[in-house]
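Both of the next two complexes hold chain A, though its partner changes from chain B to chain C.
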Partner chain A sequence: MFTVNEDLTRKIAHLARLHLTEDEVKTFTSQLREIINYIELLEEVNVSGVKPLTHPFELETPMREDKISHYPKTNEGKSKILDSAPEILYDSFKVPSIISGE
Partner chain B sequence: MVDLYNNIKQIHEAYNKKLISPIELTKDYFQKIKASKHNAYLTLCEERAMQQAKKADQILVQTGQVPHDRFPLLGIPIGIKDVLTIEGVRTTCASRMLEHYIPPYTATSVLRLEAAGAIVLGKLNMDEFAMGSSNENSAFGPVLHPTHHDRVPGGSSGGSATAVKANLCIAALGTDTGGSVRLPASYCGIVGMKPTYGTISRFGLVAFASSLDQVGPLANTVEDVAKLLDVMAGHDPSDSTSLRTQKINYTDLIQTKYDLKNLKIGVPNEYFMGGLQPGVDSSVHSALKWCETQGAKLISVNLPHTKYAVAVYYIIAVSEASSNLARYDSVRFGVRYPDKAEQDLVEFYKKARSLFGAEVKRRIILGTFSLSSGYYDAYYKRACQVRRLIQQDFDKAFKEVDVILSPVSPTTAFKIGEKTSDPLQMYLMDIFTIPVNLAGLPALSVPCGKDNEGLPIGLHMIGPAFGDGKLLAIANAFEKGFRINHG
Partner chain C sequence: MHLKKDLELIMANVYEAVIGLEVHAQLSTETKIFCSCQARVESGKTEIPVNSNTCPICAGHPGVLPVLNKKVVEYAIKAGLATGCEIRLVNIFARKNYFYPDLPKGYQISQYENPICENGFLEITTKDFIKKKINIQRIHMEEDAGKNVHLAEFSLVNLNRAGVPLIEIVSGPDMRSAEEAGAYLRALHAILTYLDICDGNMQEGNFRCDANISIRPQGAKEFGTRTEIKNVNSFRFVEKALEYEIKRQTDVVQSGQKVILETRTYDSDQGITLPLRSKEEAHDYRYFPEPDLIPLQLSQKLVEEIKDTLPELPSQKKERFIRDLGLSSYDASVLTSSKNLALFFEKAVQKLVLKGWNILEASKPVANFLTGEVARLLNDENIEINQSKLQIDHTVDVVTAAKDGLLSSTGAKQVIAMAWKNGDSVNAIIEREGLRQVSDNNVLEQIVEKIVANYPLQVTQYLSGKEKILGFLVGQAMKESAGKANPVVIQDLFKKKFKGDHNASS
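Coming up: the complex of A and B.
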């Protein structure tokens, strides 16, 4: 198996794109250890042959007609969507640059 | 004036007799909300609400009496948990991440309530992103219990429950992923319902755990809960998991007197195995005994996988949450930091996501862990398998019984700060409510007593899937007939 230690917490936090302070790493590691110990209770359940249930009613995904429609329908609608973004440029979401200039 | 009314019928009678107008009542509510110390509201929609009140006034002038067919909620002041969007009104989820978020659309549930004539007073405080059982996880401070100010109101819909009980609105919407409507309803002494999964549209509900989340009404009476459900239930093409079941008139259904005679009540052995606070145990037992005197049959049932429910939930809910909350990237929402030019993309995201509070971070980490390579089969997949076993337990029990009764929570409202340092203890408060979400069933909390400190105790009624109407009828009969022993 594995041990829940501070390195694991840091690794998982990195995967989740969360910055943790050293204090948080410490607290979360001990809480995570306790919670994971608790959820290991599930190991005693015999699940062989049981199909996983991911949704209470296992509905079929409803399909819509394959037709292009525009959302938002108006410029006003567009600006309402952009309004909550921290930075916009040319009517678009501004994202940080991911390719270096060199 | 506000305190003369605590249900929809009373307000409508007052409107019909011209004792008060929607405008006057709405003004009174805002006055009362502003004077209250409960921290129940995060945003007030005063201007918007006064416009709605004015419209209600005009309708009343035209019709003379409340036109129940067209506007069953005409002029009824309600509050909305701040996890449901309203176009143009700040929706924060009690998080710094969405502190300034103005959604461009309105949740279907809210849209339908407003179309029925309801007046939305404001957005209600909650645990951040609906994660919590005490309302202590709000980025904007905890909500106080309506009557015992050193206690929590329960969570995550704590603002909703406190607002209804303290009469800062007549009814409210909450959301219930693992008990977030029923637990605060129980702790505050009101009625709260989680309908069958998919009954109320999730469109406009900010997602926490999509296979578990369900909108639910909170009010002082079962009848009012039924009235709200009536207005909101029904298929919505904007939610792919919205049910296409036939529309039921819940209000009419509970008007016909429901006879508890020969009702088969399931009492799950696993829910009474000790660990209950003595007051909770005795109140629930006297409720069960009363049902028996009405001719109901108590039948002991087994739900053998109950003890795994919290573990299953804290894998599935957090896994779904870690995925749902990946969208908070400071590109479409949130705040950006000025030194961004110095950062690479990963650092950019990490910094932006520091706006999450501790409980949200904890759950994202746990969820990311469960879904990460090497752990997926042992945690997420296994949890989904045990989820099916939990659902099968209920299926089996409902072959024998009509309804299952239990406490909502092992305890009454605990003290603020009492459990914040021990997340696992906090999670265990939801042991009786969580299995219902995992199985997708309808359930509600109805007051059945008080402990020796006067703190309310809720009776948990669980029905089979799609049995929402019958569940409301049983709850209504209980509420009308059972006399709460105050102590």
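Coming up: the complex of A and C.
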């Protein structure tokens, strides 16, 4: 069992790359605590002999054949996927530097 | 080479290494694991244009759904069956969450608690011909990430590789030396390429290895603190990186310090491992079942059907070569270590059989040809036989020429070296380099006469019972023929001549 406190809220926010103000940390800590307390009600249920359920429907996942189908290309022969990128350089997605400034 | 010597001393007395390997093998399917984008780039082909094999699914756009590629499941099951694993019939996928620009969704779809294959093993043979079983803990399916190019001010992302299917094969912590780790990797590589489910090119990243390594006092039960060596791109570098790391950890412990749990990288220029920038937080992947994929339900019937399609595996082929072709265990091991080499061998033997050779008579010289000079050249250049200029016909022609007495063993070596360099035909090389061995008795008899006339003292010694001197005379005759005489014929001619002389004089 773990305790929901402000440090936990900050850790979760960091993992999700969210910047929280100190006020927000307080707000979310109390909300998280309420949620966890509510979910903990399930601990009271006896689940011995019950198989874990990962999906509510008893379905089989559909599979596809291994056949290539290309996503549409522009007139210049480039993938249209690039159209939706905010910044492109040499047909690559341009993103902030990953290596420096860590 | 001091390193190796030090290592043996240290390891023999005080510490033992504990090594476990994680291999990521790209499956050679046509399409990606969860979308229909092209996945496979054939070895040696020019790289496909940046981001040309992408779609909203593998680029992680909101609202898209993954659909599993049937072939990925089939290939993963093949890998499991070939390594003696149990195959799980109900599979769930899991999300592994982390942020990196080459992972557009912010999570990788993988398998966590219930991998498709578990509890297998692989048998390796060490250089001392000792057999050892290495456990395979699990094999699971997952998607590859894209590739980043890091520039000074920003990074560039290419998602062609994002969503390419992988299997991750996790060994037990069962290896005790760099050499055993190398043997395991080679054996696993051979199995995956025999199965034809992975192209297996390490330089191109089809087959990637991460090594976990720790040391502990001999006989200890607990593991020491491990380091992980990431993404080393050749078998030899994996072995060298591990040798270095064993020595480094031993030095750390012996100087009273502690090994730090960290990820390291291998610098092949300096031959050392270096720590990768360590992240301040431990990995917190927060795995949970992938809600976008319903559980995968497989039938035992499907597993049986796939089992029936398994090809002959390296260990089976090796046994057959020994049993049916009369090869030595060593020759059979070398030939079956690579699918390409084994096929090359079988095709060459087949060609000789079609020319009327007995299969046993054909197998031995072809095996000698390939496991000697050719294996050395392949090893030196670190390539597969189909990447060399050597053709099956070279093998067939050299072996035939040697049998017909047209080529001496040194001549054969020269021909192989030249064919290796320029791919010319065996006959062209023999003629051009004047390597044709002379078996014509008239020519050779003249040479023998000449040597007998030139070395009367040695001839007398031979006739008085000093039989060893025959070797000297044959050597002189070979010299006289500029190496082109067939030594077997020369020796026979000397014997015949001396017998005749002996009979005449008595």
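Please note the rule applied: the second predicted complex is superposed on the first by the 84 of 102 C-alpha atoms of A that agree within 3 Å, B and C clash if a C-alpha of one lies under 4 Å from a C-alpha of the other, contacts with A are read in each partner's own complex, and residues count from 1 in each chain.
As a convention for this text, a residue touches a chain if its C-beta (ideal position, glycine included) is under 8 Å from a C-beta of that chain, and two chains touch if they have at least 3 such contacts.
Remember, it's a predicted structure, so these values are computed and weren't measured experimentally.
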item: A:P62 touches, of chain B and chain C: first, second, both or neither?; value: both
item: Which superposed partner A:T9 touches (first chain B, second chain C, both, neither); value: first
item: Contacts of A:Y71 with chain B and chain C, given as first, second, both or neither; value: second
item: Chain B versus chain C as contact partner of A:I81, first or second or both or neither; value: both
item: Touched partner set for A:I39, first chain B, second chain C, both or neither; value: first
item: Touched partner set for A:V50, first chain B, second chain C, both or neither; value: first
item: Touch count on chain A, higher of chain B and chain C; value: B
item: Chain B versus chain C as contact partner of A:E24, first or second or both or neither; value: first
item: Which of chain B and chain C A:D91 touches, first, second, both or neither; value: second
item: Overlap of chain C and chain B interfaces on chain A (superposed complexes); value: 14-15, 17, 54-55, 57, 59, 61-62, 77, 81, 84, 93-96, 98
item: Chain C residues touching chain A - in the complex, by the definition given at the top; value: 29-31, 36-38, 49-56, 59, 61, 67-71, 73, 92, 97, 99-101, 148-159, 277, 281, 284, 286, 289, 291, 293-297
item: Residue ranges of chain A in contact with chain B within the complex; value: 2, 8-9, 12-20, 24, 28, 31-32, 34-36, 38-39, 41-43, 45, 47, 50-57, 59, 61-62, 72, 77, 80-81, 83-87, 93-96, 98
item: Residue ranges of chain B in contact with chain A within the complex; value: 87, 100-104, 197-198, 211, 240-241, 243, 305, 307-308, 310-312, 314-315, 322, 326, 329-336, 340, 343, 345-346, 348-351, 353-354, 356, 358, 361-362, 364-369, 372, 374, 379, 381-389, 391, 423-424, 427, 438-440, 465
item: Of chain A, residues touching chain C in the complex; value: 14-15, 17, 54-55, 57, 59-71, 73, 77-79, 81-82, 84, 89-100, 102
